[in-house]
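Note that chain A is present in both complexes that follow, paired respectively with chain B and with chain C.
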Partner chain A sequence: MTGQTRGSARPNQWLRNLNAKIASIPMILTAVVIFLGGTAWTVLYSFTNSKLLPRLSFVGLDQYERLWAAPRWLVSIENLAIYGLLSLIFSLVIGFVLAALMDQKIRFENTFRTIMLYPFALSFIVTGLVWQWLLNPQYGIQSIVRSLGWTSFNFDPLYNSDIVIYGILIAALWQGTGLVMCLMLAGLRGIDEDIWKAARVDGIPMWKTYVLVIIPMMRGVFITTLVIIASGIVKVYDLVVAQTSGGPGIASEVPAKYVYDYMFQAQNLGQGFAASTMMLVTVAIIIVPWAYLEFGGGRKRA
Partner chain B sequence: MLNLVANNSTVTEHEAVPDRITSGPRGAKPRRTLSRRNIVVYGTLIVVALYYLLPLYVMIMTSLKGMPEIRVGNIFAPPVEITFEPWVKAWAQACTGLNCDGLSRGFWNSVRITVPSTIISIAVASINGYALANWRFKGADLFFTILIVGAFIPYQVMIYPIVIVLREMGVYGTLTGLIIVHTIFGMPILTLLFRNYFAGLPEELFKAARVDGAGFWTIYFKIMLPMSLPIFVVAMILQVTGIWNDFLFGVVFTRPEYYPMTVQLNNIVNSVQGVKEYNVNMAATLLTGLVPLTIYFISGRLFVRGIAAGAVKG
Partner chain C sequence: MKLRSLAAALAATVVLPFGAANAVDLEVTHWWTSGGEAAAVAELAKAFDATGNKWVDGAIAGSGGTARPIMISRITGGDPMAATQFNHGRQAEELVQSGLMRDLTDVATRENWKEIVKPASLLESCTIEGKIYCAPVNIHSWQWLWLSNAAFKQAGVPVPKNWDEFVAAAPALEKAGIVPLAVGGQPWQAAGAFDVLMVAIAGKDTFEKVFAQKDEEVAAGPDIAKVFKAADDARGMAKGSNVQDWNQATNLVITGKAGGQIMGDWAQGEFQLAGQKAGVDYTCLPGLGVNEVISTGGDAFYFPLLEDEEKSKAQEQLASTLLKPETQVAFNLKKGSLPVRGDVDLAAANDCMKKGLDILAKGNVIKGTDQLLSADSQKQKEDLFSEFFANPSMTPEDAQKRFAEIIAAAD
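Moving on to the complex of A and B:
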């Protein structure tokens, strides 16, 4: 690239560019030992019956059979599916609509953006605890609406196993939609103004321009956003711990929490490894097609 | 609405994105300020803004009330009698189940975790990025690809192997161990950030320095570092908020006496023993959120830039 590697007459291949190689040791170790090695290690040990300590005594697919027979895991997966699907849809729709509103050459854009994005600076723990308080049936939103006269009003998601996951969804959307809005706004700003002029000249209504022209043009931004949201969804852990601790009962358990509890509390490492491997598979299902689309074609260099 | 559009066609798309999101809209103001369209746009935005602000408002109000007032009043009402008692209690006396010296312990732990983790992770990643951008060696791109792909692997897959590695090194459960973990998991995004930034600097500078006989480290410290202060600030914002807000690594990799603020906060609020003191809980929650919020409100546009840099792949 920069010329320093061109003098290939040097005697020792390995000594060339030595400083750069030394400087890259942390990166190489992280990539190879932690990311590759660690992942392979976990996958390998998920086929063992490790309990308190990791042991290499293979039991085939036993851990996976046990995993998929465990009610708590099934609830976790179901929750992740509901939560994931809804938070994808809602954050994309809300994020895009907000971005479109912000793109109308409004005044106070900075103020609005600051307000919408500040929850993103807060941790999931803080987010979960605030919403735990707001959704408290005795003092929170439910009691306020009741005190206004609607005495039969019922809204206690955190204490009702059927809808608890929606209570978590509300908090997650509050925290994350600002980020999606920002990404979408960046995408909208990247669209050539001439497109808008042309649409206006042709007399196409604004909403139609958005749906038929702008959104298809923002395909890349949508996919990137989708991947960011999706990989965040699979990792969801702190929010649940703070808001409900998985309760009531096991109604709001999620896979990441299952992994943590089995690895560090139930001292059933094999189960934890099997569950985390399933998480890895889930992420791979999301990432591989995207990576293929994004980099496989080799069409653009961003 | 005619002729109002600022002419941006000379700016390329990639330059335009970060620039325009940070500098706001361009061009003249719309003519009519009270059209029906404007009412809809501003009306919606104001309602949405109120929704986003509501939890912060409730947090502040609750933290300034006494418990009797909370029991009878509603959470949206401002306090009749303002009291700072809950704040004092949250900081110095709240119980976590292990001890009763409040959040102050967690705060200082978080400071002791965040400061070195931020510095070390940025130092390591900036040098990595520099090597990748200017001193490519055979195989460098392969490692970099692994690193970036690895960023998508759920942490849960890697935590146990890391526990073993740290235990072998004798630093499991200590602050050193946690700092190493933050450096590892901050590396993909930061390396990407720095690599892209350094690659965007004019190559002539680098070549001229080489001709003058400057080596790897001289160029880094004398030329690259002074030229890249903005990106260092962006990386710092990204890391400080990220590390401060971390919960999982704090729980997994430290002993209770080193628990960061988020973990301690969760233990205080969700502890099952004793009467729930909602005002203390909210004061504690606000205290924990204060550091990232301060950084967010001070840094403003740079924060957005950090997010955009982190989100948009290079």
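Moving on to the complex of A and C:
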């Protein structure tokens, strides 16, 4: 077959590697119809006043105006920003430090790695419930410390509107850093031993080797980790539902929960679609530069 | 995955009836899962099973906010149950308009629902474009203040007779280590408590102007300002009730850890289940003891359109069973709600229910907010009041401004 194609005068671009193209038709259809089609449908209907059932009566930007005037949406965005920024920084830093420690050829490394990775095997709902109990002032950490004698000890982040988002952050870090650590560890293991030897010969202190040599070499791992963490941040929902269900009041609301509540509880699909379109825009802002760097920029260099 | 297994379970229930003639399984979904509610729904199941059919219980935990989306997506997604609970009013409006629900007018005319259902507003809420689409099963009123007699005894103050006395007694309760007012964290509880304060303090006319006519000037006016002032008091009194579900909040009152709770009459079922006696262990004040008016919202069963004829017939049987006098009495006694027909004998009713029946007979009734407002406006109200109750730095004036905006935008 290849011989025939090569033999013809002008090989048709579209018919090259036909079998592979036929085989990928289902995947292409899925991507186009379900992902792109669904997205376009959602964006289209976000400009309508659909209530319980979708209907095409356009109201322009009304849904978006209402969205950006809703205090709950603004709180959600603010929470997402705080949660996102801090969980990005902390999970990268903690994950990398743990991985670097693990990389010192310690004993029982397997055991430690398993322990660190275990929380990741739990769902967000379970994580949320566990931390809801731990942070409950009547049963959790506060009551244990108080029973040890420090009776004025106060630690109830989930019941304080000002710091509730940090209570959620703690649970998220506990769950997520294990995975970051494993990714980082894989990256560290990919670094050639000779680099370490060279650094040692030159007498460069270890921390400096990490910061100036090793981390720049791990660029690919860092970008992958970043994308995994970032997409986890944008879609955070179940953790909040399990820990606080958005409370106290609306202090720990997040955008994904706004979408769900308005689509299904308030029976206002238009409003929910508008909110989810805004979430899509957020994700696009994160993904597009990354894709450009990884694929567009990469090809030029190669 | 879940849907598929549900579908499989449903398919299994479809196959069965061909073997056993006449006995039809009907899956009925509802969100009655607390102790008192479950006991009440068992009465309905018993009554329906007695007709030779089988009630397949589809309880969905987590109150209406969680259950309704599941029910609606099953109906719109082409996997309808045979009957489902909604609060009658506007929750199922669009489902009916798009032809997914079954018209019950035949059953209703045959059994003369227009005559027996009292007050008439209940059946009106089931009627869309002249056709009847739901069978009301009970009247639930929101306007109750439940008080723990033990808590007030412990604090050394007499049990209040109205809202003002209750507010005045709050410091004494706090001193005794009792939370004066239990409010659970679920958003609908805060919003509901506000609606109750509104009828009690601003009166029936203002309530109707705001919620029925959506008069935004009244909503921004001095009468409602007074209501927000009272809500501010309530917010201060509710500090420290760190519970989520309404029945956990009721439990605080039952155990005397909280002084009182503003909650609908469904709370009564919990008191009953805990073996408490109205007037002895707890006190109830309809209309917060200020303005004895009750709303006549409630629960109703809606029947999705089914293709299976056997099942459609059984749906009719279920609808008529729900309104039978015996079912009404048995169900409502357990549930703590009032029957939808005025001609049944509720001799076994306790003090609180009798108070409710009295008010009902006098005709001091209003429509519930679920009947007046769309789910969208209700949700916005919930967002506002859950924030207001949790955030002491939000002033009543700011909250009122936002409230007026919601009313102005309501349809």
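We adopt the following convention: the second predicted complex is superposed on the first by the 269 of 302 C-alpha atoms of A that agree within 3 Å, B and C clash if a C-alpha of one lies under 4 Å from a C-alpha of the other, contacts with A are read in each partner's own complex, and residues count from 1 in each chain.
One rule holds in what follows: a residue touches a chain if its C-beta (ideal position, glycine included) is under 8 Å from a C-beta of that chain, and two chains touch if they have at least 3 such contacts.
All figures in this text were calculated on a predicted structure; none of them were measured in a lab.
Engineer: In the overlay, answer first, second, both or neither for which of chain B and chain C A:51 touches.
Structural biologist: The second partner, chain C, only.
Engineer: Looking at the overlay, does A:272 come into contact with chain B only (first), chain C only (second), both, or neither?
Structural biologist: The answer is first: A:272 touches chain B but not chain C.
Engineer: Quick check on the superposed pair: does A:264 touch chain B, chain C, both, or neither? Answer first, second, both or neither.
Structural biologist: Both partners.
Engineer: Please work out whether A:72 is in contact with chain B alone, chain C alone, both, or neither, and reply first, second, both or neither.
Structural biologist: second
Engineer: What is the contact status of A:178 with respect to chain B (first) and chain C (second): first, second, both, or neither?
Structural biologist: Only chain B is touched by A:178; chain C is not.
Engineer: Between chain C and chain B, which one touches more residues of chain A when both complexes sit on the common chain A?
Structural biologist: Result: the larger residue contact count on chain A belongs to B.
Engineer: In the superposed arrangement, which partner chain does A:113 touch: chain B (first), chain C (second), both, or neither?
Structural biologist: first
Engineer: Who does A:88 touch here: chain B (first), chain C (second), both, or neither?
Structural biologist: A:88 contacts neither chain B nor chain C.
Engineer: Touch check for A:161: first (chain B), second (chain C), both, or neither?
Structural biologist: Second partner only.
Engineer: So, A:248: does it touch chain B (first), chain C (second), both, or neither?
Structural biologist: In the superposed model, A:248 contacts chain C only, not chain B.
Engineer: Both chain B and chain C contact which residues of chain A?
Structural biologist: 245, 264
Engineer: Show me the residue ranges of chain A that touch chain C in the complex, using the header's touch definition.
Structural biologist: On the chain A side, the touching residues are 51-53, 66, 70-72, 137-138, 159, 161, 245-251, 261-262, 264-268, 271.
Engineer: Residues of chain C touching chain A in their complex?
Structural biologist: Against chain A, the touching part of chain C is residues 65, 68-69, 72-73, 76, 91, 93-95, 98, 185-187, 242, 244, 374-376, 378-380, 383, 386-391, 402, 409.
Engineer: Show me the residue ranges of chain A that touch chain B in the complex, using the header's touch definition.
Structural biologist: Touching chain B: residues 1-5, 16-17, 19-21, 23-24, 26-28, 30-39, 41-43, 45, 54, 98, 101-107, 109-110, 112-126, 129-134, 136, 139-140, 143-144, 147, 174, 178-179, 182-183, 185-187, 189-190, 192-194, 196-197, 200, 224-225, 227-228, 231, 234-235, 237-238, 241-242, 245, 255-256, 259-260, 263-264, 269, 272-273, 275-277, 279-280, 283, 287, 291, 294, 302 of chain A.
Engineer: In their complex, what parts of chain B are in touch with chain A?
Structural biologist: Touch list, chain B to chain A: 1, 4-9, 13-14, 16-18, 20-21, 24-25, 27, 29-30, 37, 41-42, 44-45, 48-49, 51-56, 58-59, 62, 70-71, 74-76, 124, 127-128, 130-132, 134-137, 140, 143-144, 146-147, 149-150, 152-162, 164-165, 183-184, 187, 191, 203, 206-207, 210, 215-217, 241, 244-248, 251-252, 262, 265-266, 269-270, 278, 281-282, 285, 288-289, 292-293, 295-297, 300, 303-304, 307-308, 311-314.
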